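Two complexes are shown next, each including subunit A; its partner changes from subunit B in the first to subunit C in the second.
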Partner chain A sequence: MEILKPAMAGTLESSDAQVTVEPGTQGIQLTLSSSVMNQYGRQIRATILETLERLEVKNANVTVVDKGALDCTLKARVECAVFRSADCSQQNIPWGGVIV
Partner chain B sequence: MIPRPRPERFRLRRTMMFMNAQKPGLIKDAYIYGCDSIMLDLEDAVAENQKDAARFSLYHALKTIDYGDTEVIVRINGLDTPHWQEDIRVCVAGGADGIRIAKCESAKDVHTVEEAVLAAEREFGVEEGRTLLMAALESPKGILNAYEICSASERMFGVAISGGDFRKCMQTTPQPDGIDMLAARGQMLLAARAAGIQCFDTVFTDLDDQAGFEAEVLQNKTMGFDGKSLINPKQIRFVHQVFAPTEKELIQAEKIVRVVRENAAKGLGVFTVDGKMIDIAFLPGAERTLRLGKACGMYKGDLV
Partner chain C sequence: MSYTLSEIRRDNPRECSQLHDLLHSQGIALDSNLDYTCGLFDEDWNLVATGSTFGATLRCFAVSKDHQGEGLLNEIVSHLMEYEMNQGRVHLFVYTKTSSAKFFGDLGFFPIAQVDGTLSFLENRPRGFAQFCQQLAQYRRPGTAAAVVMNANPFTLGHQFLVEQAASQFDTVHLFVLEEDASLVPFAVRWQLVQEGVAHLPNVICHKSGPYLISSATFPSYFLKDETTVIETHAKLDLALFGTIAQTLGISARVVGEEPSSVVTGLYNQVMAQKLPELGIQCLVLPRCTQHGQVVSASTVRSLIHQGRVEEICPLVPQSTYAYFTSPDAAPVIAAIQNSSQVVHY
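So, the complex of A and B:
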C-alpha cells in the first residue's frame, strides 16, 4: 500500500501506542519511543516493521509512541494508520487476508 | 492464533460485562474477571471517528487473546448507521461467539443482521450458523415486538433490555422498586420464555449505590431473568451469588431428577417427593438447577 497522506491511529493511554504514518521517499524511516524501550524495544520495532512489510508499505516516515502495547495492539494501530492514509479504513477490510 | 470452540446456544450467562473494544488496556485483561460473557462494544463506547480503529483492535484481540471459557459477544452499531455491515464482517472473520443487535425493533432487523452474518460466514470460510445472535430492546416498539424478535432466528440465544434508552423513550428515570420498567421487563420475559431463549436485564450504572444494585439483582432473579449486563468487574460476584442455586434447591432437584427417571422406568407418572406432588413437568426445572449448580461448582454429580 502507498502512504498517500499523513494519518494517525491509537492513543497515548497505558497499554496503547500512537502510530503516525507520513509519505516518504527513502524506504521505511521509523522513529520509535517506548515506555518499555529497554526491555522490549527490539521486539516492538520488529513487530512494526513486519506489519508494514505485510501491508507492502515500501516508503513511509513512521513515528510510534508506545505506552506498553501488546503486539496485537501495535499491529492494529499500524494497520489502521496505513488504511487511514489510503482513505480505506472504513469498509471492506481484508480480514484474514493481509490483516492477520 | 487462538481457535475458539463452536459457541453453545444455551449456556450459563449470569453476567455479561461491557468492555470498550477500542481500549487495549481493557480488552487484554477481560477474561480474568470470571464473568460468564464479555461484551466487546463497537457501539456507544466508541467515538464516531474511532469506529475503524476499534475494528482493527477487535480483530486482533479476538485472534490473539485466549479468553478461555469466557464467552465473547460483540455489540455492533445500529442498523441506522453506516457501520454495522463492516462490524459484522470483522466479528465473523475474528470468530466472535455472538453478536448483539443494538436497538432491535422487529423480526426484520434480526433477519437483516442474519443475512449479513451468513454472507460473512461464507466470505471468510466460517462454519455456517456458527455465529450466534442476541437482540437488545431499547424502545417501546422493540418491547411490543419482543416475541417476533425472540423467535426470529435459530441463531437467537437471548434478548436484553437496554434501560438508558428505554427510560428516555418512556419519560421516566430509574426507581428503587423498578416500577419504571416493570411492564417492559415482564413483557420481554414472557416473550423470551415463549420463544425458548434467554433473557437478560439492563446495566445498573450507579457504582456508588451498592444497596440499589443488590436490590435490582434480587428482583431480576425473582422475575426469572437468566442474567444481567454489567459495567464493572466489582458487580460480578454478587450476581453470581444470587443466581447460584441454594444447597436446599440442589438437594431437592437431585431427588426429583432421580425419582422421576426411576418412576418413568416403572411406568409411574405422578408421585410425592418429601410430601410434594411431583410429575414429569418438574424435570426440566430440576435439571436446569443441577446444571446451574454444576456451573457454579456446587454440584459434582453425574445426573446432568
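So, the complex of A and C:
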C-alpha cells in the first residue's frame, strides 16, 4: 500500500500508542519511543514492521510513541494510520488484510 | 474520577475565568494569540487541565496541582495533536517551562532550544532541526560569512542596499527569506523578487528560512500584535536557534538595517545587539538607505499600493520589483494589499 498523505492514529494515554505515518522515499524509516523500551523495545519494533510488511508498505516515515500498548493495540493503530493515509478508512475497511 | 474533554471558547466567561485561574496558579500567562484551546473538566465541570494551539505550536499547558500524576497532560496533548493533524499540520512544536520539558520528552517531543534556562522549545521530530542544519551545511563556503534575514514584503531598494553592503564586506552572504506565508505579499512572490534583486551579487546565497527562523512557531509576535515582554522572549528564542544555524554556516556577523518605525523589529534589533555578541556573532546595524530624505521601507511601499499609487513606488524599489507590480500577475497581490486594513508593520 502506498502512503499518500500524513495520517495519525491512537493516543498518548497509558496502554495505547500514537502512530504517525508520512510519505517517504527511503524505505521504512521508523522512529520509536516507548515507556517500556528497555523491556519490550525489540518486540514492539518487530510488531510494527511486521504489520507494515503485511500491508505492503514499502516507503514511509513512521513515528510511534508507545505508552505500553499490547501487540494487538499496536497492530490496530498501525493499520488504522496506514488506512487513513491511503484514504481507505471510509468504508469496507479490510482489517487484518491487505489492499492491492 | 471521569473527566470530560471540551473546547474552551472565548465567549464562555465561566470557562475563560477558570482557564485564567488555572494558568495563573501554575505561573503561566495566557497568550493573546491562540487558535484553539481545550480543557479537561471534572464531574462538577471544574477545569483541571488545559492546553492550546497556535499555528503549528502547542502551548499554554497547565494541570491543576491536585490532579498532577494522573496522565491528564497526555490526554490533552493527544487531543491537540489530533486537532493539528486535522488542520494538516504534522510537524509540531511545543513551548513550555524548562522544568516541564521532560514530560513532553515522554510524549515524543525533542528539545531544540532553550531561553534563559526557563523556556524550552521542542519539536516532534527527533532530528528535525539537525536535518535542517545538515542541509544548510552544504552551502558553507571558505572565508568570512555574514547573514541577512528578511521578510522582503516586498523587496525594496532598502533591502538591496543592505545586501549589497554585506556582500562588499564579507566573502559570502547567506540571505534568509522568511518562508511563513503570513504577509500580504505571498512567499513565492517575495522569494522570486529577492532572487531577482540580488542576481547581480555572485557571493549571495539565498535560503528559505523554514520553520526555524522568524516563523509563526518561533516568533509568532512578529506577525501578530503582542506585548513587549512576549516579543522579547520570542526574539531570544529565535536567536538561540539562529546561533546554531550561524555555527553551521560559519557566520560571524548578522547585518541588519536600523529600525525607525516598527515596534517589533525595533525590539528584535535591541535583543540582537545584546544577545548576538554572547553567541560570538557580531551585530552590524547599518543606517537605512534614503530616497529624497525619506527612508526606504517596505511599509511605505505597501502604503502607496494600498492608496492605489502603484506608479509612485518606482523610486523605492529595484526595477525587478517594479516590473512585477506593474505586470498583470500582481493583480491579486495588489488587491490583497488594497483590501487590507493593516499595511504597516506594527
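By our rule, the second predicted complex is superposed on the first by the 94 of 100 C-alpha atoms of A that agree within 3 Å, B and C clash if a C-alpha of one lies under 4 Å from a C-alpha of the other, contacts with A are read in each partner's own complex, and residues count from 1 in each chain.
Convention: a residue touches a chain if its C-beta (ideal position, glycine included) is under 8 Å from a C-beta of that chain, and two chains touch if they have at least 3 such contacts.
Worth saying up front: this structure is predicted, and the values here are computed from it rather than measured.
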### Task
Quick one: classify A:86 as touching subunit B (first), subunit C (second), both or neither.
neither
### Partner chain in contact with A:14 - subunit B first, subunit C second, else both or neither
both
### Message
Under the stated touch criterion, name the partner, subunit B or subunit C, that contacts more residues in subunit A.
### Response
B
### Task
Tell me which partner A:1 touches in the superposition: subunit B (first), subunit C (second), both or neither.
neither
### Message
Contacts for A:22 in the overlay, against subunit B (first) and subunit C (second): which applies, first, second, both or neither?
### Response
second
### Message
For A:33, using the defined touch cut-off, is the partner it touches subunit B, subunit C, both, or neither? Pick first, second, both or neither.
### Response
second
### Task
Quick one: classify A:76 as touching subunit B (first), subunit C (second), both or neither.
first
### Message
One more residue to check, A:96. First (subunit B), second (subunit C), both or neither?
### Response
first
### Query
Considering each complex separately, which residues of subunit A are in contact with subunit B in the first and with subunit C in the second?
13-14
## Note on the structure
Given the complex, residues on subunit C that touch subunit A span 71, 74-75, 77-78, 81-82, 85, 88, 90, 106-108, 124-126
### Residues of subunit B touching subunit A in the complex
23-25, 28, 51-53, 55-57, 59-61, 63-65, 82, 85-86, 89-90, 93-94, 124
### Summary
The answer for subunit A against subunit C in the complex is residues 6-8, 11-14, 18, 20, 22, 31, 33, 35, 63, 65, 67
### Task
Spell out the residues on subunit A that touch subunit B in their complex, using ranges where they run on.
9-10, 13-16, 69-73, 75-77, 79-80, 83-84, 89-93, 95-96, 99-100
